[in-house]
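As written, the chains take the letters A, B, C, D and E, and residue 1 is the first residue of each chain.
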Amino acid sequence: MEHKGKITDLQSHTGVEVMRCYQCGKCTAGCVLATDMNFPPSYVMRLLQTGTKENYIKILGSNSIWLCLNCENCLGRCPMEIDIPKMMDYLRTQAIKENILHPDSKPIISFHRSFLDSIKYTGRLYELGLIAEFKARTFRVTQDLTIAPAMFLKGKLHLLPEKIKDRMTMKRIFAKTIENVKTENK
Amino acid sequence: MKIGFYPGCSLTGSSREYNESVVAIAKVLDIELTEINDWNCCGATAAHSMNEELSMSLPARIMAMAEKQGLTEVVVPCAACYNRLKVTQHDLKDETKRKRVSEILQLPYDGSIEIINVLQMLEKYGAENIKAKVTQPFAHKVACYYGCLLVRPHSILQFDRVEDPQSMDELIKVVGGTTIDWAFKTECCGGGFSVSRTDLVAKLSGNILEDAADRGAEALIVACPMCQSNLDMRRGAINKVIERPSDIPVIYITQAIGLALGIDAKELGLKRHFVTVEL
Amino acid sequence: MEKLRERAAAILADGTVSLVIGYEEGTKRPRPLFCHDGESARKLIFDSRCFHNLAVYLTKKELVGNGRFAVTATISTLRSIMQLYVENQLSEDKLLILTVDLSGTLREFVTFDEISAYVEQFELKRSEREQAILTRIEGMTREERWNFWQEEMSHCFKCYACRSACPLCYCTKCVVEVNRPQWINPWPAPVANMEWHINRAMHMVGRCTACGACGDACPVGIPIDLITRKMMEDMAPEFGYIPGLPVKKGNALSTWKLDDREQFIR
Amino acid sequence: MSKIGVFICHCGENISATVDVERVAREIGGMEGVAHAIDYKYMCSDPGQTFIKEAVKKYDLDGVVVGACSPRMHEPTFRRACAEAGLNPYLCEMANLREHCSWVHEKGEETTEKAIDLVKMLVEKVKKNNPLESIKVPVTKRALVIGGGIAGIQASLDIANTGHKVILIERDPSIGGHMSQLSETFPTLDCSQCILTPRMVEVAQHPNIKLYTYAELESLEGFIGNFTAKIRLKAKSVNYSTCTGCGACIQKCPVKKIPSEFNAGLGTRTAIYVPFPQAVPNKPVIDRVNCNYYKRGACKICEKTCQVGSIEWDKEDEIISEEVGAVVLATGFDVKGTDFFPEYGYGKYKDVLTGLQFERLASASGPTFGEIRRPSDGAIPKKIVFIACAGSRDPAKGIPYCSKICCMYTAKHAMLYQHKVHDGESTVFYMDIRAGGKNYEEFVRRAIEEDTVNYVRGRVARVYEKNGKLIVKGVDTLLGGEQVEIEADMVVLATAGVANCGSEQLAQKLHVSYDPYHFFAEAHPKLKPVETNTAGIFLAGACQAPKDIPETVGMASGAAVKVAALFSNNELVREPIIAVVNRLAPPLYSTCVGCFMCETACPYNAIEHEEIKARDGSLIRTIARVNSGLCQGCGTCVAFCRSKSIDIQGYTNEQVYAEVMSLLND
Amino acid sequence: MSSEEIFEPKIVAFVCNWCTYAGADLTGTSRLKYATNVKIVRFPCTGRIDFLLLLKSFAQGADGIIVSGCHPNDCHYTSGNFHARRRWIAFRSILDMMGVDVRRVQYSWVSAAEGSKWADLVNNTVADIRALGPYTDYQKVADYLEKEVQDGEA
């Protein structure tokens, strides 16, 4: 029953009714990263339809939810208008919440976290800081060694972050949303 | 002609040339851009991948600020920001979500602002104007690349056709160019994985570049900083995975139009690209 | 107002209409005036004190005859006229409507669509009195509501003023006068009183425009207008119409939708 | 006072085992107005019925109540018995003591008491019953068939062969419909034209069939047995009585590049044209939209060519009127075009075809004389992809329903392709194979097993053109969602079957209802599949929902039988259970005030406006009147009528009121 | 409460001829048992059922009412049940406003094939109404009328 509840939660959060999917596979056929995924989108739908705990955990622990680029090709073509991208967003937050994470998620989450950290303090994206923090988080010290200096030379990187004035609101937004979830978990 | 303007983070940093070209052509076309005061980042892919409320609150603040400023219409050149703003506006039609977000923001938000992308701005205020002001026709055969965020989800954005959109092609034709009919107009370039999964970006962007090059495009025309940086800055990685390495440049629609309007290449930021632009 | 008088006199004089129904100054409040000539048209008034719904006279054949006639109409009256149009009780070629809008300009209407476009701007809101009583009723338990209405109904002595005042009660033979079978007893008695008022409300579904004439007419002050008012407010979202704005086709009760609510059906 | 006779049946022991039938008869016998009450073992038996007949005469009964089984079982029996005894049959009612009482309750006091209540209720009702006469409506024994496809052809022939006259109208210049466009037919692969053409000729030659091609229904008035149809005969610009059909005009017509409707846009035709060589009638019409003379005022080459002078430039549309007793709707369906599909190129790829276009390619009479060739360059496709469910089962962009015929014709197409292109490779992307039908599953299996058609389960996300090839991006869901990419030379979309254009307007003209997809609605999904809810109008074929040829023909014959049954009588006899608006003496005329709420509520459009006029012709009032031919007796109008001016015979206000009152009175 | 004191509600059922009446016939032919409290009045269609009949039933002493007809889309007359459904939506709202106990009117769709549903419907409704008790509120009001008239005559 617990996992059936998960499907209900999924529906109430995203409006996605998994039983609407009749497995035509059009989402998978058009997905640019289906071949890199553990389970292509239509397969994810099927796993959810079974309603079992094992399959739910399988999805959370797969790289499929992390590789989804939210390009929305699937939604645009789905005959049943199932919002798979929105569902993927939701499954990602669930995976983090339950701490069931595929190794592929690490760099992606690190990137997202670095990105959000950057805007949390300044209100705007500080690209140099982002790259630095991302490297620190992932230990990919050598990545983009040539690109960053080139960007700098072409005037594409600021050395100092741009800061907005109303940083209080930014702080509040983060405190009441993403950080709120984290504390709930603890 | 006055219109609100939200540049977004990329346009102040890695995609400065987009900003420069938007500002440059706006000047020539007599469009007065009013930047939103103290704007913040829209949260991009990171926010909505990680937290729904965060992903709505950040764009909501931007729009609330614009409302406060009395703007009624805001042009958002960055396709990612445009998409986030439009989707948030749509999501916040839901009463409970709106309540929650205004609680977080502590700012009034009524969702009345018209959010448009740069193509819509040019269509709406420029097409005839542009035609009249073309000094050096953009006589090139190009591939217009729309990407994902400009056209999907169609139900919310309601902009152009989902598959095989035409609005950018029309603008190119206005300034004297020809466009190819190709297959990857709206296929994803790898978007937000630019830094985290460069390998996938190289693969996806590679497919796009290859098809355009195969069909004889002299350049790719884009309206999204993410697409531009993936296709341009990651060219090294791309050329490693595709069969026939390519050196066709990737330029913004505003740059192409700028050239036709006789604006200097440097002013349009064409010197900032990784792949040299010789058009 | 002067314009209104002039216009009324003019259309009477040139034979456009043979009768103008309007208001004149009464002892306590304005009262209806039936002008057949320019002379009497000078007595016409039209202001915010004129709330008597003159639409009630428009279906009286013996009064309006077969010719063309005019009426000075408040928003409420206009709403009633629209509904009467829908129900084939008035024809556009027999009626000329005069009204004075908020800016004091004289306006004339003939067709349903013209009226509709005008009335559209006015939202039908609960008055303070209506709001007060309805809030009270809505806060009651069902038993309390029952007792409330039983108490109110005990004053009803079946004078049928509510029926006479209502512009939409134009049947030549009312259901209480039908005696095969005698559905509702015409004399005052608790059950018959309640049946009458429930019946009135059912007959008004999708038709009532909440002019309040029935309530005003009640000599013992039963808030009967609120029964239809509440019904109308409940039904509007249910059947997707705008309260007080009759539609040309598709009365709420004689049409249906496949997805009408049916949670109450087992 | 009433003299009611009450007859309580034991039904063997079916009733008497749980109900004390003697007590019921005794107590009812004591009721006011009951003249006679007995119980008997089998009331429906001959002796039982005789009891009733004798009692009617002996006690001069003015009403009869039989307490027995369900009226749905024996009401006709007892009403007939009463009629034979000289009592109006509608003065007889039944109390349901078996299904609604003895069978559903245990033996006991309450059961007997309930039985008494049920009988009492009907006694009170019958006291208020009025004698009624059956309604007789004369029947015009001519049928109108709308649509000259296989459904209309079959229905017309079947009706005509019963000896009745048929008027068949067809919108196009020739009859034949979609079936004439098909190449071979599943599951037997016999040639469509070979089996259809003889029927078309038979229609043209049948003495009982009057054929109007290039004609459309303008309006239909009246009711079952008595319709008046107004038919618009579109101007053909050719005098058919003199035209010999030699075809010389067609050869000389200079406007040659008009896409041929018959070839689904793959071939061309001239402005003066016969849609296809086997057309019936085989005489041309001028397409005025494309003709040079009508467009620019000059040309007239056909006139110069015509040796018999049959061209009529100034001919105008003509409207004729026909009296008919029944109508068969057989207007068929349409298919969605390729431009409907964004992900398959919005129709811009010439080698992406619809199934119907492929039929034309495969047909020996088609633009390629039966050879499968690409419209773009005429090459024979070596790789072909068929996409099933293109638009069907797609609520987002297409239609939610299954078009039913696509699985079968796709299998047929793949099979025909393999037969014609031996070294070709065909792939079918499908979602489910719906092959319910005689020899259908076997047919599909043959395509897969013998003709080596590659069936892949999954949908295609998109199709695009590259280097002269069509790149098909699909998926094989049975391999866990593996992507499949095929470089095809031709793609055939099994596009959705949809309602024919104009069906909504036609339905409104005929007052028949239609579903959300504009297919005409049958009166009952199971038991009345060929009837509409308007009596006298019947359905045949794909205008009701997509269906294949055998089903269409079956349905057409079914509709024909319904028409023949209707025409087997000179008069229609109908139960008088219909609504009536009261009429009173002047000056009241009726209590109806003419609000016409009943008119919007009536599902049968049976409410008419009756104008009451004074002697000088001036209008006094307009009141409602029920058209007894259209009214089916649901009584919805009765419950709406505020002034109780409309009532329904057999269930009048007085009757039901009396029932309820008796039931609750202690 | 001893078994003799169990309250036996009076319930009247207004049903359409084509679905529910036939469904109740099927209950009979299937020999399914149900309570004797409910008595059926036959109508051609739910669209024919006048709301006044429901009011009169309460006035006449009914403790509960069943109104039942064809499921949506199954109506013999295509749309009578849809009209009825609307009518009952409005009627319920008015009754509720007046403080009439709407729980005492049970609406249902019972098809000709649902013999067992009819038995369940009857049994459940009887149980529900039994739990609510006699509708004395309404009956008192109605009795008053009778008494008054009788008194007046007397």
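Going forward, contacts are C-beta pairs under 8 Å (C-beta built on N, C-alpha and C of every residue); 3 or more make two chains touch, one makes a residue touch a chain.
This is a predicted model, so every value here is computed, not measured.
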>> If each step moves to a chain the current one touches, what is the fewest number of steps from chain B to chain C?
In response: 2
>> Going by the touch criterion stated earlier, list every chain that contacts chain B and also contacts chain E.
In response: D
> Just by CA atoms, which chain is the most central one?
Replying inline: D
>> What pair of chains is linked by the largest number of C-beta pairs in contact?
In response: A-B
> If you average the CA atoms of chain C and of chain D, how many Å lie between those two points?
Replying inline: 44
> CA centre of chain A versus CA centre of chain B: separation in Å?
Replying inline: 21
>> Nearest whole angstrom, what separates the Cα centre of chain D from the Cα centre of chain E?
In response: 36
> Any idea how many Å lie between the Cα centroids of chain A and chain C?
Replying inline: 60
> Which chain C residues touch at least two other chains?
Replying inline: 175, 183, 253-255
> Which positions in chain A touch two or more other chains at once?
Replying inline: 73, 81
>> Please output the residue numbers of chain D that touch at least 2 other chains, ranges allowed.
In response: 343, 462, 601, 640, 653, 657
>> Once the touch criterion is applied, which pairs of chains come out as touching?
In response: A-B, A-D, B-D, C-D, C-E, D-E
>> Considering only the defined contacts, which chain E positions touch chain C in the complex?
In response: 51-52, 55-56, 59, 72-73, 79, 82-83, 85-101, 106-109, 121, 124, 137-138, 141-142, 144-145, 148-149
>> Under the stated contact criterion, what part of chain D meets chain A in this complex?
In response: 343, 389, 393-398, 431, 457-462, 473-477, 480-481, 483-484
>> Considering only the defined contacts, which chain B positions touch chain D in the complex?
In response: 161-164, 181, 183, 211, 214-215
> If you look only at chain E, which of its residues touch chain D in the complex?
Replying inline: 8, 10, 12, 17, 21-22, 24-29, 31-34, 36, 39-45, 47-51, 53, 56-57, 60-62, 73, 76-80, 83-84, 87, 119
> Can you list the residues on chain D that touch chain C in the complex?
Replying inline: 588, 591, 593-598, 600-601, 618, 622, 640, 642-645, 653-654, 657-658
